[in-house]
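Each of the two complexes below includes chain A, the first together with chain B, the second together with chain C.
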Partner chain A sequence: MKNQQRREVIQKGLIFALLIIFVLAIGFHEIAAALVSRVFGVSVRRGSVAELRFMMYFFGLYAFVTGWANIRKEGSWQQKFLQGLLTSAVAGFVVAIFDLLLVFLVSNSIDIRQYLTAFSIPSMSYFLFEKGQAGPLYHLGYFIVFGGLGALLHTLWITEMVQQAFEKTKGFIKTFATKASDAIPNVVKKYGKYLLLLVAAIIMYFLPRMWGSYINFVVGLVGLYVIAGIGLNIIVGLSGQLMLGYAAFFAIGAYSVALLNAPEPHNILLGFWPSIIIAIVMAILAGILLGLPLMGLRGDYLAIVTLGFGEIIRILLKSDLLENFTGGPRGINDIKGPTLFGRPFSNDIQFMYIIFIAVALSIFIYQRLQDSRTGRAWLSIKEDRIAAQATGVSLRKYKLLALCIGAAFAGLAGGISAARNQFTGPNDHSLLVSMNVLSIVIVGGVNSIPGIILGAFTLKGLPEILREVENYRQLAFGALLIVMMIKRPNGLWPATRPLYEKSHCLENEELNTGKERKND
Partner chain B sequence: MTAKVKSPQVKQRDLGKIIRPIFGALVAAYILWRLYNVFIVEAKYGPQVWVSLLISGLIIGAVYSLIAIGYTLVYGILLMINFAHGEVVMLGIYAGYFVFEAAKAIQVPSSLNPELVFADAYPALSIFIAFIIGMGVSATVGFFLEKIAYRPLRKAPRLIPLISAIGASLVLQNVALLLFSPQLRNYNNPTVMARGNGWKMIINETPVNVPYTGVFTLILSVVLMLALLYLVRNTRLGKAMRAVALDKDTAALMGINVNHTISSTFLISGALAGAAGVMWGLHNGQVFNTVGFIPGIKAFTAAVLGGIGNIPGAMLGGMFLGLVESVGPTALGISFQLKDVIAFAILIAILIFKPSGILGEVLAEEKV
Partner chain C sequence: MTDLIIQTNHVSKIFGGLTAVNQVDLEIPRGSIYAIIGPNGAGKTTLFNCISGFYTPEHGEILFQGYPIQGFTTDFIAGRGISRTYQNIRLFSNLTAVENIMVGQHTNLETAWWDAIISSPRYRRENQKARDNAMHWLNFVGLNGYGDFLACNLPYGMQRRLELARALASDPALILLDEPTAGMNPQESEEMMAFIRMIREKLEKSIILIEHDMRVVMGISDKISVLDYGTKIAEGSPKEIQANERVIEAYLGPGGAALAKKYQNRRRNKQDA
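After this line comes the complex of A and B, so read on.
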C-alpha cells in the first residue's frame, strides 16, 4: 500500500510537471499570463507580453490545481493533505530540474528558436520569472506553497461539515425553485413557451443593432455553424453515419450562390433568393449522387470515402482545370448580397436577421423531423440496423434521406456565408471546416439543439472573442474530441431521451443492468 | 425430415445496383478515351519519360507501403482506422530532420578538411542514427497514442474510437505546429545522398536519373517488409498478434496478454511509420506540420486497395497506388495538380466496387 502511494505520488507529480513544461514548449505560458491579466482588467498590447506578476499568478494557480487535484481519495485528513503536498513538491522538483536547462540556455544566450519556436530567450526568462538563476527555486517554492494550499483547501472542502452545508444550500435553492414554479399560474405555463419565443424574437430584433459589427460578425459565424451543425447532426447523430467531408456540401452551396451572383466569371446576377434555393437543391443532388453508390458501406469506410469526396471537391475547385468556371485558387469576389423589396442587405446587422431566421427555421425543421416517423426510423437504424431492417425500416432509403437533408442544411449555410463574406474560395472549404462542424456536434451534444448551439459558441465564438488563444484553437478541438469521447461521449449538453422511451427504459431496468448501454 | 421452405423473394428496388455499373462504365470509358488520346493521338512522350515516372512511382509506392502496413496491422486487430497514423509519420520526419541538423552542426575536423561535419564524415552512420531515432520517436508516439486515446475506448461502439483518432490527429498536427512553427523546412541530407544525385541511365539517348535516395528507400523498405513478414509469421509475438486479431477474448483465455500485444502492434506500426517518414524526408526533403496527412490518407487507400488486415495486400496496394499516382496524370493527360484526386477516386471506386480489396481482407468476424 505504501509502495503504491509512493508510485502514485511520483507518477502524478511527473505528469503535472510535464504538462507545465509542455505549456512552455508550445509557448502557451505567455498567452495564459495575458488571459489572467485580462481577468484582472489589465489589457495587454498586441505583440507584447503581460506584466510579470500575471505570469506568477498563472504559475501559482497551476501549482494550486496540482495540489487540489492530487489529494488522497481515502484516509485521514492528514494523509489526504500530505499526498497532495508531496505530489506538488515532486512536480516542483521536476520542473526545477528542467529549469536548470533553461537557466543554462539563458545565461549562455543560446537561442534555439530556429528549431523550437517557443524557446526564445525572452520567453524562457519570462517563464523563469526573470529571476535568472533563482528561477528554479522560485518555481519549487511556488509548487510547495500553492500546491500545499490547494491540497489543504481541497481537504477541508471534502470534510463532512462543509459538504453538509453545501447540500443544505443546494436543497434550499431547489425547494425555492419548485415553489417559484408552482406559483406560476397555469395559463402562463401553457402559453409560456410561445411568450418566451416572442420575447426571444423581440430581443433578436434589437440585439444586432446594439452590438458592434465585430460581435455581429462573430455571432453570425456561430449562427452559420449552428445551421451546419444541425445538418451534420441529422447525418451523424440521427442516422448514425459518420461523415468527414461535410465541407463539400458547404462548398457546393457557397459556389452555387457565388457563381450565380458575382460579376466574374459568369456575370449571371440571378439574385440571392432564387440562388439560395438552387444552392440547396444542388447540395441535395450532390448528396444523392454521393449517397446512392455508398449507402451499403460500413461506418468507418463511409467516413473515409466522404473525406475523400470532400478533398476531391476542394482540389477540383483549386485546380486550373475548372479555373474558367469557378475562378480557380483565387476564388470568387464581389458576390452580390440579397435584396428584399428593393432594400439591399449590405451590412452585418441586416445579415444577422437572415441568419437568425435561417437558424430558427433549421431548428424548427430539425425538431419536426426528429419527432416524426422518419426521425424514429433514423434512430432505430443508428441503434441497431438489423433490428430496424427487421421491423421494416428501409436502410437505404432512410440513410439517403438523412444524407440529403443534412446536405441541404450545409447548402443553406454555405450559400448564406458566401453572400455574407462577398467572397468564397477553395480554402474556405477545407477539411478543417468539416472537422470543426463535427467537433461542434460531438462536443456540444449529439442530437441536442442546445448542445449544438453551446458547442458552436464554445468552439467558434469563444476563440474569436479570446483572440489570444487563436493559435491554440485546433489543439483544443483535438484534445476536446479525445476527452469528450473518453469522459462524456454524450457531449456538454446531452440530449434528454424522449419521454416514451424513458418509461420503457424504467420498466426494463432490471433486465438492462450489467449490460452496457451502447447508445450514441 | 427437412421441409424445404422457399424463402419469399424480397423485391426491393436497389438503385445502387443500377447506378454502380453505369458509373463504372462511364469511368472506364473516360479512362480509355484519355489513354487513347495520350498514347495514340498525341504520342508525345518517349519511353524515357515513362521509365522515370515508373521509378518515382516505385519509390513513393515503397513509402506508402510501409505506412499502409501500419494501418493494416491496427485495423486488423482493433477494427479501427488509426486516423492519426499520418501524424505519427510526420513526427518521424521531424525526428530525422533534427538528427541531420545536428549531424551537420557537429564538426569533425580532419587534416584534409578542417570544416568537415559529422554528416559528411560518416554519412552511413548518421543516416543509421536518423532512422533509429525516427523509428524510436514514431514508435513512442504510437505507443502513447494507443494508451491515451484508444485504450479507454476499446469496448465502445466503432465510431467513437474513430472520432478520438481524429482528435488525436488534430492534436499532433497542432503540437507540431506550435513546437516547430509553421515554417517549411528542408532536409539537410549528407552530401553523398543529396537529393537529385543518382546514377544516369541512358534511354533513347536521354539520361534518366535514378536517385540514390530512391534506391536506398526501395531497398530498405523491402528489407523492413521482409522483416515484418518474418515477425508476423514466425515469432511468438507474431503468433500472438494473429491470435488477438482473430478473437481477443479467446486469445486472452489462451494466456496471451492482449494489452501487451496491442501495444506491441502500435510500436511496430509506429516504427515502420518512422522509417517511412525518414525516407520521405530524405527523398522529398520537405517538412511541415501537415506533411503526414496526405500520405496518411493515401496509405490508408493503399491498405484498403490491397484488402485491409492483409499485410502483403498493403504492400501491393502501396506500390500500385504509388505507380498509378506517378504515371496516372501523364498517362491520362491531366494536370499534375490532380494527382491527389486520382488517389481519392481510386479509394472511392474500390470501396464501391470491391470493398474487400485485391487480396481480400483478413478480419475478425465478430464485428464486421
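After this line comes the complex of A and C, so read on.
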C-alpha cells in the first residue's frame, strides 16, 4: 500500500511537471499570462508580453491546481493533505531540474530558436520569472507553497463539516425555491412560458443594440452554427446517419443566395427573401439527390460517401469548369443584403434579428419534431434499424426525410451567412466546416438543444473572443475533445428522455383530485 | 376451407449453396398457437424472417390472410398486421419503455411530420391516444412503474415482456415469437406460457412460436411442425410429435428411436414398480 502511494505521488508529480514544461515548449505561458492579465483588466500591447506578475499568478494558479487535484482519496485528513503536498513538491522538483537547463541556456546566451521556436532567450527568462539563477528555486517554492495551499483547501473542502454545511445551504435554497414557485399563482404558471418568451424576445431586441459590432459578429456566427448544428443533429443524432459532408448543403444555400443576389456573375438581384427560400428548396433538392443513392448505405460507408459529396461540391465550385457560372475560386462578392418595406435591413444589428428569428424557428421545429411520431421513428432507426423496420417504420422514407430537413436548416444558415458576409467562396465550405458542426453536436450533447448552443459557444464563440489563443485553437480543440470524451461522454449538456409515465400519473392524480373536490 | 392466417406453399430460401428452408408448406389456422421446432440450424428463424419480410424466399409463396406477401418490405408487412419478437432481444435501448411501446404503435398512427410542427388538433389528439395506449400495454405486460426506465436498464425478464408489449402495441393479427422463454428459469417460463395463452384468449391473436423448451412447446401449442435441414419432417399435435420416430431421430441421431424407446420402457417399468 505504502509503495503504491509513493508510486502514485511520483507519477502524478511527473505528469503535472511535464504538462507545464509542455506549456513552455509551445510558448503558451506567454499567452496564459496575457489571459490572466485580461482577467485583471490590464490589456497587453500587441507584440509584447504581459507584466511579469501575471506570469507569476499563472504559475501560482497552476501549482495550486496541482495540489488541489492530487490529494489522496481516502484516509485521514493529514494523509490526504500530505499526498497533495508531496505530489506538488515532486512536480516542483522536476520543473526545477528542467529549469537548470534553461538557466544554462540563458546564462550562456545559447539560442535554440531555430529548433524550438518557443525557446528564445526572452521567452525562457520570462518563464524563469526574470530571476536568472534563482528561477528554479522560485518555481520549487511556488509549487510547495501554492500546491500546499491547494491541497489544504481541497482537504478542508471535502471534510464532513464543510460538506454538510454546503448540503444544508443547498437544501435551504431548494426549499426556498419550491416555496417561491408554490406561491406563484396557477395562471402565471400556465402562461409563464409565454411570459418568459416575451421577456426573452425583448432582451433579444435590445441586446444587439448594446453590443459592439464585433460581439454581434461573434454571436451571429454562433447563431449560424447553432442552426447548422440543429440541422445536422436531425441527421446524425435523431436518424443516426453519420454525415461528414454537411458543409455541402451549407454551400448550396450560400451560393443560391449569392448567385441570385449579386451583380457578378449573373446580375439577377432577386432580393434576399425570395432567394433564401430558393436556397432552402435547393438544399432540400440536394438532400433528395444525395439521399436516394445513400439509402442502402450505413455506418462507415455512409460517412465516406457523404464526405465525398461534400468535397465534390466544394471542388466543383472552385473549378474552372463552372467559373462563368459560380465565379470560380474567387467566389462571389457584393452580395446584396435583405430589405424590409423598401428600406435596407442589413446592418449588423438587423442581421442579428434575422439570425435570432432563424435560430428560434429552428429550435421550435426541432422541439416539435423530437417527441412526435416522426422523432420516435428516427430514434428507433438509429437504435436498431432492423427492429424499427419490423415495427413498421419505413427506413427509406424517414432517412430521406431526416436528410431533407437537416439540409433545409443548412441551406437557411448558409444563405444568411452569405448575405451577412456579402461574400461567399469555395473555401468557406471546406471539410473543416463540416467537422466543426459535427464537433459542436458531439461536444455539446447529441439531441440536446442547450447542449448544441453550449457547444457552439465553446467551439466557435470562445476562440473568436479569445483572439490571443487563436494559434492554439486546434490544440485546445483536440484537448477539449479528448477530455470531454473521457469526462463527459454524453456531451456538455446531455439529452434526457421524456418521462411519459410520470406525467401520465400526475395528470391522473390531478383528474382524481379534481373529481374528489367536485364530490365534496 | 378453414380460415387460415398464414399459408406457405413450397417456400424455399437459398443462401449460396445452402438451402436453409426447403419447400416448406404450412397451413396455420386463425387463432391458433402454432409451434415450429427443430434442432439448431434447422431453418426455423430463416422461415420466420421469410414470413416477416426480412428475407425474400427464392421459391414459393406466402399468403397472409389470403394475400401474398412475399417480396414486400418488412415495414409494409408489419403494417399489414404481422409483428414479431427476436431470439436475442432487440429493443430500442436508449429509449424509455413507454417510448418503445409508442414506436410499436407506429403503423396505427397516421399524422405526418408537418402535423407535429404546427401541432394540429389531429396530432394532439393522436399523440394523447398513443400515450394512453402505451400506458395500457405497459400495464398489460406488468411493467407499470418501470415505464420511464431506459430499455437497456431493465432486467432481462422485463426486456422480454417489453418486447412483447411493443409487438402487441401495433394490434397485429399475427405475432411471431422467436424463443420467447430463452434464458428463463422454469417458473418464469411458466409465467410466459400463461401470458401467451392469455394473448390468444383475451386478444384473439394468432401466434407462431419457435421454442427449444419442450415443456413449453408441448404445454401450449395446438399444433407443431418440425424442421430439420430446412425440410418439414413432421406436423401434428404435441402427442403425435412426441411419438414420431423421424422427429426423435432428428434430435437424437440415427438409432435414437431405439434409445428413446429404451428410456420410455425404463420409465414405465419404474412407474409400474
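Just so we're on the same page, the second predicted complex is superposed on the first by the 499 of 520 C-alpha atoms of A that agree within 3 Å, B and C clash if a C-alpha of one lies under 4 Å from a C-alpha of the other, contacts with A are read in each partner's own complex, and residues count from 1 in each chain.
Convention: a contact is a pair of C-beta atoms (placed from the backbone, for glycine too) under 8 Å apart; a residue touches a chain by one contact, two chains touch by 3 or more.
All of these numbers come straight from a predicted model, not from anything done at the bench.
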First, second, both or neither for A:Ser394, with chain B first and chain C second: both
First, second, both or neither for A:Gly296, with chain B first and chain C second: first
Contacts of A:Leu153 with chain B and chain C, given as first, second, both or neither: neither
Of chain B and chain C, the chain that contacts the larger number of chain A residues: B
First (chain B), second (chain C), both or neither touched by A:Leu369: second
Touched partner set for A:Ile482, first chain B, second chain C, both or neither: first
Chain B versus chain C as contact partner of A:Ile442, first or second or both or neither: first
Chain B versus chain C as contact partner of A:Glu383, first or second or both or neither: second
Which of chain B and chain C A:Ala25 touches, first, second, both or neither: first
On chain A, the residue positions that both chain B and chain C contact, one per complex: 394
Contacting residues of chain A [partner chain C, same complex]: 365, 368-369, 372-377, 379-380, 383-384, 386-395, 401, 405, 497-502, 504
Touch list for chain C against partner chain A, complex: 52-54, 73-75, 78-79, 83-84, 86, 90-99, 102-104, 106-107, 109, 111-113, 115-117, 119, 123, 126-127, 130-132, 134-135, 138, 144-145, 147-148, 150, 166-167, 170
Touch list for chain B against partner chain A, complex: 12, 14-16, 19-20, 23, 80-81, 98, 101, 148-149, 152-153, 155-164, 166-175, 177-181, 297, 300-301, 304, 334-335, 337-338, 340-341, 344-345, 347-348, 351-352, 355, 368
Chain A - residues contacting chain B, complex: 25-28, 115-118, 240, 242, 244, 292-301, 303-305, 307-309, 311-312, 315-316, 318-321, 394, 396, 435, 438, 442, 471-472, 474-475, 477-482, 485-486, 489, 516, 518, 520
